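Here is the structure we will look at, set down as structure tokens.
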Amino acid sequence: MTTPDAGGPSGLEPHVTLQAVTRTFAGQQSTPAVHALGPVDLTLRKGEFFAVVGPSGCGKSTLLEVLAGISQPTSGQVIFEGQPVKGRVPEGVGVVFQEDACFPWLNVTDNIALGLQALPLSETERRQRVEDALALTGLKAFAQAFPAQLSGGMRQRVCIARTLIMRPRLILLDEPFGALDQQTRLLMGEEVLRLWRQSGATIFLITHALDEAAMLADRIGVMSARPGRLIDLVETGWPRERDSRVVELPQFGQLTARLWRSLRGESLKSLDSSQATQ
Amino acid sequence: MSRLSRYRLLAIIVAVAIVEAMCRIGWIDRFTMQPPLQIAIDLWKLLVSGKHLDAIGKTMGNAAIGFVLAVSAGVVVAVAVHRRRLLRETLEPLFATYYAIPVLAFYPLLIILFGVGDAPKITIAFMLGVIAVIVNLLNGLDRVPPVLIKTARVVGMGPTQIVWRVTLPFSAPYLLTGVKFALAYSLIGIIGSEFIMSTDGMGFEISFAYNNFDNATMYPLIVLILLISISLNFALGTIEKQILQRRGLR
Amino acid sequence: MRRIDAGPWQAWRGPIILIVSVFVVWQGLYLLAGEMAMRSPMQTFSYLGKLLAGDRIWPHIHETAKASALAVVFSVVLGLAIGLALGFRKLAGEVFEPMLVAAYSIPKLTLYPILLLSFGLGMSAKVAFGALHGIIPIALFTINAVRNIRPILIKTGRVLGYSPWEMGWRILIPAALPEIFTGIRIGFSLTLIGTLLGEMFASQRGLGNQLMKAIGLHDVDLIVAIAFLLTSVAALGSGILLAIDRRFQTRMQTQPGHSPNSF
């Protein structure tokens, strides 16, 4: 449908750009250096929902961490809202990680409030925002509970609430529903769509589930096996007001088929290479 | 009381009863040991008379000092060494083999250096306890999930904040384990030193009583140390349980 | 891609620097404390050399070695027995394990007079005292090792139709062994120290006894020499066991689980 290029749907301004980004992990002692990512050129448009799919080990998480400012690219740069990203996570960027990021010694309310920690807000504003976040993610009843008492899905909701409370303009999600079962994933996907529409943020989602990407995103980037590069860019063309029922539409099947066609060869490569290291 | 606690209490009562019986029958003679009931009575008399309170205070005081020093230094060293690979690699074999070293064998050297007083004993207590704190805290620091540190950076915490608000709170249970050991080792260090060479303290009193065949003093003092040690350990254990339960780890 | 060759230097780097530092600190202490309190490494080596060449010290070395060996055997056998019993019998384990943990924290030195009165002065008291130090950690580690055997391994054994003997030999022992060995390693060190302590307080022979004599006579040469000898032997033994322990860990890639920490 589209050639892999940095542009996107017209009418939307660029929000964050990756320019010729690569990431190489230096070798230690007896392990060789690993060229994990890139070069990658990509521009995300303001307010769009962008998903990335790719075989395991292709560098998706590395890409996300470079985007967020958590890691530094070995070459190239990341520009967020016109400013280069250097060394720290820029204000206005939120991240939901794959692993459980709840602080086990804090209850739900305190975990969520962590998101406000760097923001200069008054006490009343803080409390209000926490209330709102609890209501938004349906966690009001568990405000005093500790993460150990919650299910995996609820703990991820806490992490999402913690991210949303920062009112980020760019939200990065690294396989946030990886540990959940399929049905919960689909419902959580609808949640994310709802929150996306409400917040108006730009969303960057990494997932290994093709149906999830096809259902949620405006645009999907397909990554190659390591070192990860973008080998395909697909427009979904969904309307903004969508939910999981898009799976009923014929385009959905075509989309996932297209994704798998691009992805299958790369996945085999990645499988072979991971077996080779055994 | 939970079912398990009831069983434990029962086990203790049965064990004590058996020993009491063996003493009364004569299978254990008076020279070796008194009947438990007698020991309890002697202990009561001892505490009431206040005869050895000085010694008890001395030992506990020194142990407390050694303990506080061991924990403070241990935390500082662990945090400092945690990220420095070469330093850690150098210290790792020391940590692993440290408790094989008869630290008490250095007590005489310390006496020569510092004179017979509290300093050598406290040094021994410190030397025994500090490594336990370091090793256990390092273990905890190693296990901080990277995702928590990444989250901290996303919400804008600086390096010092990360140590205080993420790394140390996460490691608290591991630190607590080290603290429990430091507590036990401080007591052992002080009392052991007092056994070897001292002019005061509970270890000295016990040693003195032993040499004078004074079972009526010796056994109650021993039991007293056991009780103190077990109570302190139990108290720390309760705190530990609370922390772990909140995190769903037990 | 550049391959960095590891080489033996990387593996030995830490211990070598450590040993060198120890000697540097030792020499420094000597310069600080002087002849009244210390001997330098060189002086200690030469004195120790003369001692070992002569006859005086060897009966004591034998005594200590014999007592330690016996104590280790007792602590391992009894510790394993208790640990296996409590590990496999769920209720007994739940009841008694916390009591073992509490007993572990007791200053065992305070129990020594009781042992002396029970066993009399001599070898038995020392051996009992030494064994007492090692039994509890070995038992505790063994209990945990048994508890941590992953149920999936046992299920696999059942599916494969293993007899109880095969279960024990092919699954239970290999699965539990690394952690049990860690317990034995720690128990070993503690037993050695316990035996030595026993010798220091109420024995007519042995290195511990000689150390106490040296203290009484203010024989600094002997004090430092014996302290050094004991420390080196203990560190060496512990180091060897540690290396074997590490082999177990890497081979089995045991997950750091809820096992007790290194002590």
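The letters A, B and C name the chains in turn, as written, and every chain counts its residues from 1.
Keep in mind that, in the parts below, a residue touches a chain if its C-beta (ideal position, glycine included) is under 8 Å from a C-beta of that chain, and two chains touch if they have at least 3 such contacts.
Since the structure is predicted, the reported quantities are computational estimates derived from the model, not experimental observations.
Peer 1: Which chains touch each other through the most C-beta pairs?
Peer 2: B-C
Peer 1: Tell me which chain's centre, taken as the mean of its C-alpha atoms, is farthest from chain C.
Peer 2: So the farthest one, by centre of C-alpha atoms, is A.
Peer 1: Chain B to chain C: how many Å between their CA centres?
Peer 2: Whole-Å distance between the two chain centres: 19.
Peer 1: Report the inter-centroid distance (CA atoms only) between chain A and chain B in whole Å.
Peer 2: From the centre of chain A to the centre of chain B is 48 Å.
Peer 1: Based only on mean CA positions, could you tell me how far chain A sits from chain C in angstrom?
Peer 2: Centre-to-centre distance between chain A and chain C: 51 Å.
Peer 1: Mind pulling the residue numbers of chain A that touch at least two other chains?
Peer 2: Within chain A, no residue contacts more than one other chain.
Peer 1: Where in chain B do residues touch two or more of the other chains?
Peer 2: 249
Peer 1: Which of the residues in chain A end up touching chain B in this complex?
Peer 2: Of all residues in chain A, those touching chain B are 65, 68, 70, 88-89, 91, 93-95, 97-101, 103-105, 114-119, 146-149, 159, 162-163, 166.
Peer 1: Give the list of chain B residues in touch with chain A in this complex.
Peer 2: Touch residues, chain B against chain A: 145, 147-148, 150-151, 153-157, 166, 169-170, 172, 243, 246-249.
Peer 1: In the complex, go through chain C and note every residue touching chain B.
Peer 2: So the residues of chain C in touch with chain B come to 13-15, 17-18, 21, 33, 36-38, 91, 94-96, 98-99, 101-102, 104-111, 113-114, 116-118, 186, 188-190, 192-193, 196-197, 200-201, 211-212, 214-215, 218, 220, 223-224, 226-227, 230-231, 234-235, 237-239, 242, 256, 258, 260-263.
Peer 1: Which positions of chain B touch chain C when the two form their complex?
Peer 2: 4, 7-8, 11-12, 31-33, 86, 89-97, 99-102, 104-106, 108-109, 112-113, 132, 135-136, 139, 143, 174, 177-178, 180-181, 183-184, 187-188, 191-192, 195-197, 203, 206-207, 210, 215, 218-219, 222, 225-226, 229-230, 233-234, 237, 249
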